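Before I ask anything, here is the structure I am working with.
Think of it as A, B, C and D in the order they're written, each chain with its own count starting at 1.
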């Protein structure tokens, strides 16, 4: 199904209509302005350190010291140059290469960090590792969203799947004293939530958004109820799971920056790498993926070649729930050590945003979740070293970054064509 | 393989779409089904293909009763179908579409697309298709998509092939090629069910014709019968297949397109430096193979193309740069190519669709409020005058058959004071009765002294409606010729051949 | 189920007290590992001692306070304890409307017209001057820290939260000035009155991440303020494999959080449980003295918990220094600033 | 979720679906019927086809399941189960009293309290229900209207927060004459919500940013923004250190409808007016016609000269305005003693369920809002008198919505015949 393909023309008179996008120069001009005011006007004249190493690296990288004021000046000029340069290129009808905004964003980020952490040292590997950890439940959730929506079922219930996974992982993990049992149970719990979603939306054709929204409330109520009825009564017996602890992978974990970020994580994170890679590969290269996408794009066409649309959707939604459930397990088994009411705290909705932001693609959705994780952790890291910005505004950072990214970079996105529409056989 | 349908009855609620239909398809014959829009042809074929379950009746293959729970069963029994609405996944490649459902895999499910590509190449070679297995289907012209459908069906070694209105979207050349393919298949022993509304095609290839009306078989027709005979058998009344139209009475009103270029989002120009004038009182038909810029041109006339340069003036007023609202207010009537996507709001009632482009002021809106009484009177009147077959003006248009949907669009567009009418593919998929009506309406507009542009890939339509014919090829007009230009010549022009003798 | 059925006793104790104490939580709920929970334990203890029933209702949002109090009044409660400043307005409203019901409110003066007196005669405010206790904890943390970095973070920048962080930071400063040391505080800026907050009171990934960032910046004593958010800090410490101590808030967490008992250097105590229980007991007698109760270092209403397992790890002279600091605060020689003064 | 894609007729009509179910299945319902005859036939068919009965059965089913949960976790029931074989009737008695007590309390807290002697105080719970319904209806309308344009507005929370900030500020910082003050404050709330909603609309119109992402993110932004403002003198009560606003000035308070004994205030009347307006807007106005056209098929709407992008902005303005109205009724009517960053009180999210349960029609939303208001009001009594956690209400609520939305399931459970079930198509 095609998408909104044209937009209203603005000009009235001209016989030539200008359709060039001035987004980029405008954005960089604004950044340049902000950078001029903040990074120069309010700069502390002290160096900011960027420590690229951790104690366990194979070799040490130097601590990079950037003078705050000078960096501010350079970044401001650079931003202005990019603004002018891209404006010029656009006016010449030339395409601005994508590396320009990419590097521009990187420089702007450096400028911001140097300004905000002046006179302090930021530990880059830790910053990145923390970002990854914050993103893990979001990635699991987003994968669940991507699979489900690619199969044609809108998954608003990611939050519920995460929450059910978190709850069950804590309880089963405690009772069995085995984190692996908890992890497995979380997947099953996520799948059960999916069954509910499937039964109502695929079997009974209830609007998928309604079902999703309602399931979120249902699971929140149910876990909250069971928590206050059972878990609070005997936390030791029911809510004290054995967690996963980090496992360093030999050699790999010693590579500076990369090692501490990616290879000193818990089993669940390693599992995540495998799942992301597997889903990203399988979605486009296997029979499973082909059929999954077929029922999400054009279920009737899939039906006419003998694919059982409802069953395909059913099991893939179940799979999506299982994966999201793992994300919930990560929260309780590896982050908080126990279940608490609404411990997922809206992660499912952020994951939903990542699905859309990542245009229903597993890798892009993962990157979207990582961006969010990075912004969240940056917020923490900066407020710990003492940033000049009020804490509430720092807390807004990840959300504002997401809005800017979606509005500025992504724009319109095209969902799987049949996502959200039930398949009704004639 | 001999196929027999016996006493098939299929109901949708109260509606009996198929009423005890008997049909026999002999091995190696081309069996044509004829019938009005909504007669029940597609339904019958869907039952045969296992998509629908019939309430009564049975399907026999080589005199043996079979039960098809789904298309999978039908395919296994050697039945293949090319559906009226393409059953292709737009974002998949040709090879993926062909493989889907019977994929060859390595090990645990890794796709072996090479096998599918080979399959595509082999079958293409057999029929002389030029198909790139790695092209994305949505990027392909409809004619090529049609071939993908055929390859898909053949890749499963179908013994009986059902083609449901395959030619509705094909150009004359493509149609001829397609009929050749059907003959080749037949000679290889494949049985074919061929559904079409185009009587010329039926007469050319069909071995047998079964006519269906209102869900019942009304009889067999002789392939040698003339068009009028077939048409009246199908519609149940006499149909006049020729349009009587008086010679054009040109007026001063004019649409002048000057040096128009339209770029697509990648900067390729879909229309290049196109100039043409349409006088009031004449119908300019724009012929051409689909995808040569006609769609863009028509959209630009309605202000729906924002990468357009040049000039479009209507009675001296520049249209380029105006938005759709302003252009509609200038009195431009627009019948879009894809009525379900661009022409109608499926969930709206007939009445609501009739006021869709007049939702701002009089007569249907006063002080921000809908005037339902006015609208209902208007709709009731249009229902009658345009012979829209519906239970009431409140019926949702998605319930109507294609022909009736098109009439709703026309009723809306023609009931305004027009200064220009642009109609794209006005009769695509309609039965002969509906076509007759639509054509009368368009000629009526022309006779009121309004310039009319009809974009059509259908040569029959072009020839019978046009006062002048402009043939488009690769974004340009390769020539403007009189309506009586021989088809062969038009065909050559549509393939890009420039013609020197220009008509005034 | 093949146990024997209980005897159908007709409650032999003839003279049961006709007294129904009740409690409304704020939106944190009774499992908040903070004042709601301690208040609950207080009313539970007192009711059990008195041998009476008690009723508690949980609020889930700001819109719940008034209806909750109202439904308790409908149930015939004699004393209604509300928890937190959020319930202040509703408490005053219903206290004025129901002069024959006693009210008590934890952590708020029930003074919404700011005239310095409680707005209704039948409300007993239960207040705590926590900054002094936090000051002591800060001092102890500075003394204990070997990296010279003390980290703190909170749920949200509310005064009831930041008072702990602020007091502790002042304690660290005092230690520095006394000992000429250079212990830094991460996560709270006394001048800006702002610091690291996670934006909620949930022990989720955000809390964990804040703790992790403090650890990454070298902190070896952590003071997470905000109900259960310390739980994520526990996980972060365990995973870091480093020797990092925690400071608890409200109750002596070494005792209540047995699973993490080995991590708590000390806790900043607010004797909510004791105070509530006393108020309930007093009210059961029929009359309640509604002059505000203010827990201070002096009356033992606030303080710091014993070092328990850390006894051997802290500096030998620390206990004595803390006693001196405490006396200094009580006497006013050491000024502790907080929003309360 | 998808952008509003036009539904081609071919895949639109569920063949074995009844009209009343189809309404829920579609994102936006079909146009409203104008002819009285048609309407009456429909109404008649709805009743005879058991739609009303089905709703009742859906509620019954949800309540049964909730009852199971209550019984399972009730301590008396557990005790009695412990000696089930010794005295089984104890178990049934315990179950009966636990479940019966719970639902009786729910009823007494939301409709009519038998324990009161006089009618006026007995009926008070019903007014309480309406108090809780007031903001739910308003915010629900905000979601519903956006839904009709095909936009999924998850931003009720943020819109309510900003609306509350605006209304609250006007209510305590400005000094205006009586009547005018309250009107201005209510309007300020609407403006605040509208502005916040319009951000999402503008971004969608201008850059195509998906409204779901933007509204989710704006919820958080609004929350932290108000948290910050509550630390500054702009919103914080200068006399206090607590992050709470001053109370609304008396002149800015929505007066009680039935005297001081009842909490029900004029906000309810405003919301009724708002519902009428929403009905007119969607069903009878030219703007609403365009909204619905865009919601059902944006392509065709555009071809018909409707400025789709502009409508995205308008509808989000209106949707946000309704959420802002909800905020106004909260801070000027229900909790006038000042508010905190928790002012949204979950209304923003409940509004989604309310709107969806109300099938995105104004009066459906109104009814659903009252049902949810009753659950809230009754929940307090249930908790206070039976010590049943409030979460159980959430569970029962969501089950009701699910069951109401899936009539075939309810039919199957109660062994009612499935209409349209044919001999060959066995619907189990």
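The working rule: a contact is a pair of C-beta atoms (placed from the backbone, for glycine too) under 8 Å apart; a residue touches a chain by one contact, two chains touch by 3 or more.
Treat the numbers as computed from the prediction; the structure is a model and nothing was measured.
Peer 1: Going by the touch criterion stated earlier, list every chain that contacts subunit A and also contacts subunit C.
Peer 2: Touching subunit A and subunit C alike, sorted by label: D.
Peer 1: Looking at C-alpha means, what's the farthest chain from subunit C?
Peer 2: Greatest centre separation from subunit C goes to chain B.
Peer 1: I'd like to verify one number: the distance from the centre of subunit B to the centre of subunit C, where each centre is the average of its C-alpha atoms, in whole angstrom.
Peer 2: 75
Peer 1: Using CA atom averages as chain centres, what separation in Å is found between subunit B and subunit D?
Peer 2: 45
Peer 1: How far is the middle of subunit A from the middle of subunit D, if each middle is the mean of its Cα atoms, in Å?
Peer 2: Taking the mean C-alpha position of each chain, the two centres sit 29 Å apart.
Peer 1: Among the residues of subunit A, which ones contact at least 2 other chains?
Peer 2: Subunit A, residues with two or more chain partners: 1-2, 6-8, 228, 300, 390, 392, 395, 417, 425-426.
Peer 1: What residues in subunit C touch two or more of the other chains?
Peer 2: 157, 199
Peer 1: For subunit D, give me the residues that contact two or more of the other chains.
Peer 2: 6-7, 15, 26, 224, 227, 231, 299, 302, 307, 389 - these are the residues of subunit D that touch more than one other chain.
Peer 1: I'd like to see which chains touch which, written out pair by pair.
Peer 2: Touching chain pairs, listed by label, are A-B, A-C, A-D, B-D, C-D.
Peer 1: Can you check the complex and tell me which residues of subunit C touch subunit A?
Peer 2: Those residues of subunit C that touch subunit A are 29-31, 151, 153, 157, 186-187, 189, 194-200, 202-210, 212-214, 216-217, 228, 231-232, 234-235, 238-239, 258-259.
Peer 1: Mind pulling up the subunit A residues that touch subunit D in the complex?
Peer 2: Going by the criterion above, the answer is residues 1-4, 6-8, 23, 149, 154, 156, 200, 204-211, 213-215, 217-218, 220-222, 224-226, 228-230, 300, 346, 349-350, 352-353, 356-357, 390, 392-393, 395-396, 399-400, 402-403, 406-408, 410-417, 419-422, 424-426.
Peer 1: Across the complex, what residues on subunit B touch subunit A?
Peer 2: 46, 49, 51-52, 70-72, 75, 81, 83, 86-92, 96, 99-103, 105, 108-111, 152, 299, 303-311, 318, 320-324, 341
Peer 1: Any idea which subunit A residues touch subunit C in the complex?
Peer 2: The touching residues are 123, 126-127, 130, 133-134, 137, 227-228, 232, 236, 240, 243, 245-246, 331, 334-338, 340-345, 347, 376-377, 380-381, 383-386, 390-392, 395.
Peer 1: Quick one: in the complex, what on subunit A touches subunit B?
Peer 2: Per the touch definition, subunit A meets subunit B at residues 1-2, 6-9, 11-17, 19, 282, 285-288, 290-291, 293-294, 297-298, 300-308, 417, 425-426.
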